[in-house]
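So, here come the structures, one by one.
Shared between the two complexes below is chain A, which has chain B as its partner in the first and chain C in the second.
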Partner chain A sequence: MTTRFKNDSLWIETDTGNRISRKATICAPVNIVLSGNVIIKADVIIRGDLKRAGPSPSIAMNIGKYTILDEACVVRPAYKTYKGTFSYYPMKIGDYTSIGAHSVLEAAAVGSYVDIGRGCVVGRFVVIKDCARLTPGSVVPPNTVIPPYALFSGCPATQIDTLPESTLDNVQQATTSAYNDFKMT
Partner chain B sequence: MASVSVLYQSKLRSALDKGEFYPLSHLYFCEECDAIRCPRTIILDAVMHYCPNCLFEVPTASVKSQRNRCMRNCSSCPLCQSSLSTVGTGTSIDDPNISLDKLTEAESSRADPPFLLSCGCCGWNSRCFGERGVFDKPTGIGALIARGDEKEGRANEEFEHVRSKFESLLSVDGFVDDVAFHPLYPAHATPDTSDRQLESLAETEFDKLNILRNATDLHDIHNSSNSYPSSIYKHLQTPQRIKLVTKYSKRCATCRHILIKPDTKSHTKHKIKMTANNYLPAINARIARMALQPTGSRLTSNGELRGGRVYVFEMHTVNPLYDAMKIRMKVVHQSGCKARIDEGEYEIGAFNDVMEFEEEAWVQSQARRISEAKSVGLVESKGNWTNSMFELGVYQDAKRLEVSFGKEKVYADEKV
Partner chain C sequence: MTTAVDKVDKISIHPNALVCQDADLRGSITISSGTVIHPKCTILAVPGAIVIGENCIIEESAIIVNRRKEPMLIGDENVFEVGSRVEAASVGSRNTFSVKSRVISSIEIPNDCSIGPACILTPSYTSPQREDFRERLQDYTVVYGQNPDRRIGDAVGKIHQRALLAKHLEYLRNALPKYIKMRNV
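Showing the complex of A and B:
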């Protein structure tokens, strides 16, 4: 894939509209799939090198379109020892999802239209369904399932409210306009 | 003070109740009545129940017999209420590198019997029950917990109380407007005498739990008169099955037309979705940039408005409809300030999603920059949005400003 440089020193924009900061640490990009229109800001760490054990090529990270990874967040695949073998498990992040600054994400799956606030810690094998929201500073314990349209908060994070049905449209609009208004400076 | 929130109000049938203001995202729009509906002017019907942990649907018939809890494997930790995971701690694979302590953690499961319930948050595991906390099979643990609950019989008693209370409420659902009590929104409830019985049961439990939750040291718990009440003590000891979540269809309380109908196959989609943001103009208000403010109207150092000054605000209105809409605003109510607004009618162009993406030029051709210098009235109109200005004169001792605008054609009030 050829890359087109808009601002040579700071940002890379790919043909599919992914905007990636040069200050981000992206390990083993071969194992990472970006669906396009993804923003990866400065100091983000994505651990694509932590893939499933074995010689066959496998994808460690799948990130949907219009997903925004805010400054200094850490995204790494979850791991466990199952029947005596240690392995990493691939992570899938849906479309129109935003991950707040300084958050640490080790989830198994994050749905679409999800909003993860600043400074959240999401434990191993957490499943976040579509249209869910995490307030800033929440800590989600491992193996938790966050149902759709749920607002989670606290440490350990528990459901405090249900989001309205318009969440899907609002989040889609907000992330799309955040991408369009984003300036690579 | 300089932060502005725009809230909308639905017109209530009852003249007694002035109604509340909600953000646009929380409102619905009834096409039949041509009116906004808020969470208090809709009727809820349970459509399906599902477990928020395993996301499996529970048939309505078995919800009551299961006491609205998941019958599969989902349970919550007795200490921290986060969900428990089933862990196999079998020793059929001998690996001296993995200590048995580690095996109670979910991420190091060997998937062999015996099985334990283990909390990934606080480290609690069901081994503290001895034989009772160790299972031969990883499935059907919910049923085992349920058997334990039944012996207590307390759950039954509570359920009967709650049911008798809500049955009396639901029988008057034809007057949802006037009932100051909504099953889903207990915050609006005004307690009456008949609630006492229910409250005495629920509230004491809640108070006691709050004392435990808010306690920072042992001293706090000792000071509260009823430290560690016995029923709470039992609650904290055994894992609880996870409560089911109900999906509702929502209907207009006036004409009974369906506003929200969830899709039973998908957790995200809705078959019918009449949310207000698809019908009403989205309004954003913020203080206009400093160059447009009258002389002397500066903000304080921490960004607040000063009393006795006049400020110019910018109002950004977006039309979500495929037809152009006409808007006329007028001040209905104000407190702490005096608003000056252009009461003339103006038009907002239709929303055109194809044009929006493909023809930037089309949007540009529609752009009309009316006036830059005006401090009241329409300033800019482009595509499906407009910018207009209004002025607020802040009174000397105002703490909080409230302005309501009545809007014709769109049935919205606005509070700034």
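Showing the complex of A and C:
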């Protein structure tokens, strides 16, 4: 019998090329969609159990292809009360996005080709558009919208620069080669 | 384990509290009714005991440490968010410790305080520190920004905040046991 699961290793590789560390904490995988070629490193915490209130089945987390979650980052949906009912709201992360080590992400939506540095704190219901970049250690206040091609930095994070038009290709190349060069050791 | 832990863990959990099995609890810990403890958080009561009040939320990768011999008393309705590290001598009621905030052991937290994201709270005096030196904050202190700064807040929004916490706790009590293994009382 052939199987792609290497039971003796610390990593799991799924049929769609997701590489997931066994040391990561993934709560309620039923509610999480990984699009393929996602790397989830050790000690990452993904909360899929915190999903929309109510009986209807829903997805808590949607992660695009070639996305890299670095060591010990925490990805959890954001919560608020709307019209008197408390609920967590699903989070969507785009393609070719990387999230740095020890970052905490409670955003509503993260676009594609986004680079979040290490040790960042992204507040509740932040929307990060495509090709944006956060420098390491930045703290984004809740409900911020980060425009496309913006470079944000500081505590609280503000825009310090815009990124060149080549960002999309650069980030795509960088994340793809990071996935291909990644060794599951 | 070969570490010299001469005391056996004495953990008492109220039947109405929710404690995830993944949480790391060590030492003499009392958890009161209604408190919710998420997976992967750490509570270390190694020299002295820790008593946690009612209706607190302790989120994932939060760390609570008691570095003193005398017990550390934590009041009711406190929120310890993701990645916060609290070593305070005592904690009152209705406080919020935001993401990645840190409180060191020579500080006493009274009631209704709010520690902002990524703030490291140290005593405001730089005089030669004695072993038993403690600084007690005022009620309604807000700690914010990079340095971090302090100011005394007005109580605006406290009623709303308590109502949100009550709904949050109700949601967690329904949702968490469906997906996450809980520690048996």
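Observations
By our rule, the second predicted complex is superposed on the first by the 180 of 185 C-alpha atoms of A that agree within 3 Å, B and C clash if a C-alpha of one lies under 4 Å from a C-alpha of the other, contacts with A are read in each partner's own complex, and residues count from 1 in each chain.
Convention: contacts are C-beta pairs under 8 Å (C-beta built on N, C-alpha and C of every residue); 3 or more make two chains touch, one makes a residue touch a chain.
Keep in mind that this is a model prediction, so the values were computed, not measured.
When both complexes are overlaid on chain A, the residue A:131 reaches chain B alone and has no touch with chain C. Of the two partner chains, both chain B and chain C are touched by A:79.
Of the two partner chains placed by the overlay, chain B and chain C both lie in contact with A:123. When the two complexes are overlaid on their common chain A, residue A:104 makes contact with chain C while staying clear of chain B. Of the two partner chains placed by superposition, only chain C is touched by A:27; chain B is not. Look at A:53: by the touch rule set out above, it reaches chain C but stays clear of chain B. Look at A:147: by the touch rule set out above, it reaches chain B but stays clear of chain C. Shared contact residues of chain A, touching chain B in one structure and chain C in the other: 79, 81, 123, 156.
Touching chain A in their complex are the following residues of chain C: 22, 39-40, 60-61, 82-83, 99-100, 117-118, 145-146, 164, 167-168, 170-171, 175-176, 178-180. By the touch criterion stated above, chain A contacts chain B in their complex at residues 78-84, 111-113, 123-125, 129-131, 141-145, 147-150, 156, 158-159, 164-170.
Listed in rising order, the residues of chain A touching chain C in the complex are 25, 27-28, 30-31, 45, 47-51, 53, 72, 74, 76, 79, 81, 85-88, 102, 104, 106, 119, 121, 123, 137, 139, 154-156. Taken together, the chain B residues at the contact with chain A in this complex read 24-26, 50, 52-55, 80-83, 85, 93, 95, 98, 106-112, 119-122, 245, 260, 267-268, 270, 273, 275-278.
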